[in-house]
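As written, the chains take the letters A, B, C, D and E, and residue 1 is the first residue of each chain.
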Amino acid sequence: ADEGPIKVGILHSLSGTMAISESTLKDTMLMLIEKQNAEGGVMGRQLEPVVVDPASNWPLFAEKARELLAKEKVDVIFGNWTSVSRKSVLPVVEELNGLLFYPVQYEGEESSENVFYTGAAPNQQAIPAVDYLMNEVGVKRWVLAGTDYVYPRTTNKILETYLKDHGVAQEDIMINYTPFGHSNWQSIVSDIKKFGSAGKKTAVVSTINGDANVPFYRELANQGIDAADIPVVAFSVGEQELSGIDTGPLVGHLAAWNYFMSVDADANYDFIDQWIEYTGKEDAVTNDPMEAHYIGFNMYIEAVKKAGTTDVDAVKDAIIGVSVPNLTGGYATMMPNHHITKPVLIGEIQDNGQFSVVWQTPSTVAGDAWSDFLPGSKDLISDWRKPLFCGNYNVVEKTCGGKAEVAAQ
Amino acid sequence: MSITRSLKQLLMACLLTLPALVHAQASDEQAQSLLKQLADASYAEKGRIINDIAGSGDERARQWLEAFADGKLARVEEDTDVAPADTFVIVLENRGRDWTVADALTGDEIGEISRRNLDSIRINNALRGELDGILSVIDLKVDDPEQRLAAARGLRGSVDDAMVENLSELMAEEENNSVKAALEEAIAIYRVEELGDVDAVETLSGSLNSQARAALNAASRSDDAALAKAAKEAMVSIEQKLKMNRAAETLYFGLSLGSVLVLAAIGLAITFGVMGVINMAHGELIMLGAYTTWGMQQLLPGQPGLALILSIPAGFLVAALAGIAIERSVIQFLKGRPLETLLATFGISLILQQLVRTVISPLNRTVITPEWMSGSFMVNEGLFLTLNRLYIIGFSLVVFAGLMLIMRKTRLGLEVRAVTQNRAMARSMGIKATRVDIMTFALGSGVAGLAGVALSQITNVGPNLGQNYIIDSFMVVVFGGVGNLWGTLVAGLSLGTINQLLEPWAGAVLAKILVLVFIILFIQKRPRGLFPQKGRAAEG
Amino acid sequence: MSTTNTSYSQSWLTRPFTERSTQIFLGVLFAAMAVVTFLHVAMPQDSALYVSSYTVTLLGKYLCYALLAVAVDLVWGYLGILSLGHGAFFALGGYAMGMYLMRQIGDRGVYGDPVLPDFMVFLNWESLPWYWHGFDMAWFAFVMVLLAPGILALVFGFLAFRSRVTGVYLSIITQALTFALMLAFFRNEMGFGGNNGLTDFKDILGFDLRTDATRLGLFLATGVALAIGYVICRAIVGSKLGRVSVACRDAEARTRFIGYRVERVQLFVFVVSAMLAGVAGSLYVPQVGIINPSEFSPLFSIEIVVWVALGGRATLYGAVIGALIVNYAKTVFTGVMPDAWLFALGALFVLVTVFLPKGIAGLLPGFRKKQQDDDPKTTGTEREATA
Amino acid sequence: MSIMTELTQRDRVFDFLTPTASPVDVRHGPILYLEDVTVSFDGFKAINNLNLTIDDGELRCIIGPNGAGKTTMMDIITGKTRPDVGSVWFGSRHNLLTMNEPDIASLGIGRKFQKPTVFEALTVFENLELAMAADKRVLPTLTARMNGETKDRIEEVLGTIGLTELRNREAGILSHGQKQWLEIGMLLMQKPRLLLVDEPVAGMTEQEMERTAELLTSLAGKQSVVVVEHDMGFVRSIARTVTVLHQGSVLAEGSMDQVSNDPKVIEVYLGEGA
Amino acid sequence: MLKIEKLNQFYGESHTLWDLDLDVPKGQCTCVMGRNGVGKTTLMKCVMGEELVKDGRIIYGGDESGAGGEDLTRRRLEDRAALGIGYVPQGRQIFPLLTVEENLRVGLAARADGSKQIPERIYELFPVLKEMKNRRGGDLSGGQQQQLAIGRALVIEPKLLILDEPGEGIQPNIVAQIGEVIRRLIEEDNLTVLLVEQKLPFARKYADKFAIMDRGRRVAEGDIAELSDELIKQHLTV
């Protein structure tokens, strides 16, 4: 209904293992909503946040999504971090025709009519990072280390194909998976050290997630692996993760993101000031998923204005093509595949827990829902505009993948 | 690379001819212009400018280069109260929104400037590597032999034609044998790699240094048959040593993982093993210890080592007090209902976790590793024992010994066992059971706090810390045999070792699964753990 | 005394129906199901009394948990086996059902592969692993719902009980079991979808899972399953075997000396309980729409035990009450006080333990004093049959 | 209903599960032989080369100092403790050392423990019910129904042990002496061929002792009974043959008079005053 | 030494002790008798403080009439040992996983003189305890455990010794010895003994006074010499 406040569901874990990452995103949303309301809301309507705690429990994510959509009747949801939580929520959002903005870098291989992916797809993070290491740093030997779940698995699969396409031999690739929260990195780091002492420049591409990073970096430092010898480029370590690590010994290790807190742009400084004021903590940090929410939120606002309503279908249509400023001085555009355009930045860790950008893509990169480097998906594209209106259109077979019944409509 | 080479050459020359670098001071305009070039240059050009700066002979050069290497050389973008635009500054404190800076030219602290208004001069790993090389060449000449040794070791694999002659001279003059040997090795690597010198292979045989090995490795694939043969022979003896090293390393990893398990479990061996409280909040008590360390470091900024040492008593105290609070408020009402302690302590653990999230932060906290605990202890060139874990092994043994003493040799030990075995009877023998309960629970909790202090040095300090250790802790206590402290020690160490033995060929995930399966099967063989309570009393 | 001696002469299966507590339980359960159905079907959507399908599904989920809790109470309350790994059986039943549901997707997955589930296409699996065969057939999957947890419990229990593993030792190896399974299922190589597990189900037995009717059907099926599970447990507990179980719980060695093969009693009850847990898991999966290795998490299994303890151990209905209350509290608290709900839940656990030693069931009228609350077995210092 | 009953009793057809219960072979006289049995705990020989034979239908008293090994001997017979060496036969067919506790119990060896152990959470009635001789396999136990006959039997035993009034009380609250009686009752319910009774009259009054004596003597003949007791009055009142154990082996054996005048027995056990 | 007045005790609903009076004179051995389940052990537990009493008084110390004594009902269980009360409970209640020596040492804390040594006298009395010093209490035979329980109570050198069927399970010559010890302690150390005993010969031989209980009440008392067959028949047979 187009009256009363616009209800914004916030579906981030505030307890359990993921609270470490997700709880700031809840605060980010609250801050953005507060600011928007202070500016008069949207079309004269105020925004009203509805916060729930899915408690890092995947089925609970689905339940809470249903609660938000069916019971609270929210107009849009911002939420999720892990892929599994998104997978859990996805059927609910599709069934109840909701809108979900997902702010975290992920493995791709998905495009839902109801989900907007404001984090990076692999081609917006992993591939450019590897390009950088290969071309600028001259890395010849690769360690792909990740937590054992689907995002690292897929990313590494893509990278493995990509590296081999670029002439890297099998024996120059070492792949290693560890469980969530892995804390004993001694022998793995020792293996990396050995792998790296073969005389060729070696780098570690890390998709290690969350809590496992602190002990990992500590072990690196203690075993004397220096960024100058074997740099580690991480896709899941941002300012927030660094705020829990003694960064002294990590200076020079890398991360690839679409945003860094240290980026020298006015929009960014404003955002940081706003965040510091909102949290009341001088040492509060911002990070990439926060930027993704910032972008997603603004895109949603623009789309609602454009559509003139919060009606889900209208917003879905309106949002494609919407462009809003990002925090790094450029613009982000919502593409027809529900992914957005992003610049890719490579940063080196500084001793103050910040990244210093050492490289960035010359222009923004559009997110790819389906990877070009996986056999199952290289022929798939996604386009949610009519007449195609399909999340997984096979350009070879000219069919709309598994959604045969949708195509038939 | 050639730029650096010439720079090195220059440095080497200075080094050998002059007692120290001549200190001249270039004019400030010159310096300003150099710094401006550095700031505006692309990464590729920055190398050359470093060269110019180092070669300028300006005594401030080293300061600039170090600041640059640390990413702390910056330019003021717009006029401010403290400095006009385009002033080059060295950032002294780079946290928060306003940074404290010093004028790069005068070296004087000039005040705070908003980060918005500072443009850091960018550096990357490649440049930093080169800078390190330059600085280490300079270090070859210092008085401290340790520093010289480090510099000489650092040179291995990076010697080039430009340096080799000077290095040889330096080696001849060197008095310290270790430094001399390191220099010799550095030169030999160069000779094997670049000149294919068979004689130099001799020097390298037996060396465990990875650069030396890489050189030999390459040489063994050389077309020169004599060289290849010699290199292969040298490799054999190295491989032998490496095998030994690897075995020792695995053992060390195992013991260190084991000692972490022991530390985490040992408090539980008291509260659960001896008192019979199924203490699900044990992990959160560990967490409190870890947060105490963080708190201490906040209280004593800049003294992480002292803070860490003070955290040992403080962590014990905090966790012990929390333990007493738990005992008094809940556990004491559950006498004779041991299973329900599970329910209550589970609730307590939820509360404690959320308390930390609410009061402190849901995010991890930074605990700094003091200097003396970071890095490794070198046994030989191929075997390094990480210091933090070395300390933890020692610490866990000390904690264990202390507990053992308390439980075996003091009155409390006897009384707590009597109370848990037959509370009513113990009381009729005059034992103040309530006091014993409090003290024992406090002891167990305090030891959990100690574990937290230690764990803060290897893992996250965050609200989930406890959750990550609770399952393992129960596993260790039970595997060792409930109520047997020795059992906890042996169980922890052996599970750690088994895990590390399996990990190289099974991978981390499968190794962990195999350890769990091993525990399940082992318990079939010994249904009461490693050190069971034997005899009539236990069997029933 | 509700176990009057006269009831001993009844057949084990009919006895529960003559018991007051079972009659009340079934009455309340079926009445609640009827009311929910009526309010859902007959009330207009905007009525205050309307029960939305969201609520129906939520209730269905609670009932699954209730059945799981009953299964745990059977082994813990009456047999003295504190299983800290019952989540494993629940999850296995869930996976069996999930595999069926995955196969039902057919070519409607994102990659449109008619046989391979999406995650396999995605990770380049060439063909269906052998253990996935047969799950396209409902009957097979439903048999596996019972067999997978049943066989695991049989093998595990056979080993453990034969070796006379008891008390905390047993508890901890059940925990190790579920922990190991969790790690194993996390591995993508296992072929169960790794951490993402199985999702995106479309229909069950030909009914679209997204329709309200199917949801209601699943809710009712769960209610019936709970009723049957409850009656089975009651029947076992009220039979002579139930009394032997209690005997094993309190004095295992002594039970052997009067001629009972304790390990077989334990094995039987354990397997029955595991199967019930499996059924609960299988009904849970289509209702929540996902099964993933976190159901194997040791902390989840501990939580189940907490529900039972909170509700009141060794009563069966206490387990149901505990599961319903805790999970309802979670739903409410995570919604209304997202930042502080753990305080509330934690405090609930603590307060119940301290002030309601018999659990919440202890508040009910007619609660039997006979229910023993503490079990010397699991303290590790059992004293029995000693010289 | 009848179908249900039918169904539930179907498992009775699984006859192949029934162990072919071979009757105890006592054609050669003795029902229990212990030969050269030795058991040691951490090097301490609790039973040392023990030889003992109990005849079918015999009532045997075993006495001996504390720690002589009497309870340990019972542990060995019932399968609780495995001897280091030696052999133990029940009748001439069953080697008890190869069997576990429930098998031995089902063969017909019942035991009363020195420290009374009953099922504390179960009522007195239920304690007796469980002990009752019956098919003790899992499914038969599950489907077991109580008929009038068994109920009468339980009531009868309840009367014998004087706990009729407490039949529905939990066994855990019984006093020490009452538990002793309950254990004797459980033993009676088991109808074993061989009863091993460890200190039955500890804590009983004189008069109860007399009742116990009567009870045990009445059982002898049909069943074999081995009684361990320190109360000489009681032993004297029931004893036919008395065996004296000392330090794990037989010190003396014979009638009560013979034994009580044996100087060795007097020295280590009875004392001058007895 | 111990004066019990109008003691009432309940187990939940069931009223176990009824208005019970009992006098235990100093320096004598008072024997409580009664059939199974009449409440003897319960009475002992009340004196020790293991069970709560509903009402009534237990006066310890003081003179004949109890004046100057202390009301035990208000004392916690653990304080009673320090007052000099030693307890040998029914069923032994030794600490099964402590060694024999540790079992004995447990009592040392309650000793008035603060000695840390186990009195040699105990080993003299029960040589088997010395022999088995390092064995776990739970591994001992029944009779050995009983001896340990008595030895443990003597460690605190009590002024009042409560013995609940001490002879149970002990070989005859040692039973006799225990009797002798009791007498000796009474005579030499002016010990007061409260004894529960079913065995008449033992009671007759070593006790000074008797009290008979029935269904929670005291039904008879007097000097041991007055314990007639009639009383026995009336109260001790079924």
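Note that a residue touches a chain if its C-beta (ideal position, glycine included) is under 8 Å from a C-beta of that chain, and two chains touch if they have at least 3 such contacts.
Being a predicted model, the structure only gives us computed values, none of them experimental.
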Core chain by centroid distance, with centroids computed from Cα atoms only: C
Pair sharing more residue contacts (C-beta pairs) when B-C is set against B-E: B-C
Remotest chain, chain D as reference, centres from CA atoms: A
Chain centre separation in whole Å, for chain E relative to chain A (CA means): 76
For chain A paired with chain C, centre-to-centre distance based on mean C-alpha positions, whole Å: 36
Centre-to-centre distance between chain B and chain A (centres being mean Cα positions), rounded to whole Å: 30
CA centroid of chain D to CA centroid of chain E, Å: 31
Where chain C touches two or more other chains, by residue: 183, 186-187, 251, 253, 339, 342, 381, 383-387
Multi-chain contact residues (two or more partners), chain E: 96-97, 138-142
Sequence positions of chain B contacting 2 or more other chains: 353-354, 421, 467, 483, 509, 512, 535-537
Touch list for chain E against partner chain D, complex: 11, 35-37, 41, 90-92, 128, 135, 139-144, 146-147, 165, 168-177, 198-201, 232, 236-238
For the chain B and chain E complex, residues of the former touching the latter: 411, 414-415, 417-418, 421-422, 424-433, 483, 533, 535-538
Chain A residues touching chain C - in the complex, by the definition given at the top: 14-15, 51-55, 57-60, 62-64, 66-67, 70-71, 82-84, 87-88, 90-92, 95, 109-110, 148-150, 153-154, 157, 179-180, 374-377, 380, 391-392, 394, 399, 401-405
Contact footprint of chain B on chain E as seen in their complex: 48-50, 76-82, 87, 89, 93-98, 102, 105-107, 109-110, 136-139, 152, 156
Residue ranges of chain A in contact with chain B within the complex: 14-17, 19-20, 23-24, 137, 148, 176-179, 181-184, 186-188, 190-191, 197-199, 211, 214-215, 218-219, 221-224, 227-228, 231, 240-241, 243-246, 248-249, 251-252, 254, 264, 266, 269, 272-273, 276, 282-283, 348, 350-354, 356-359
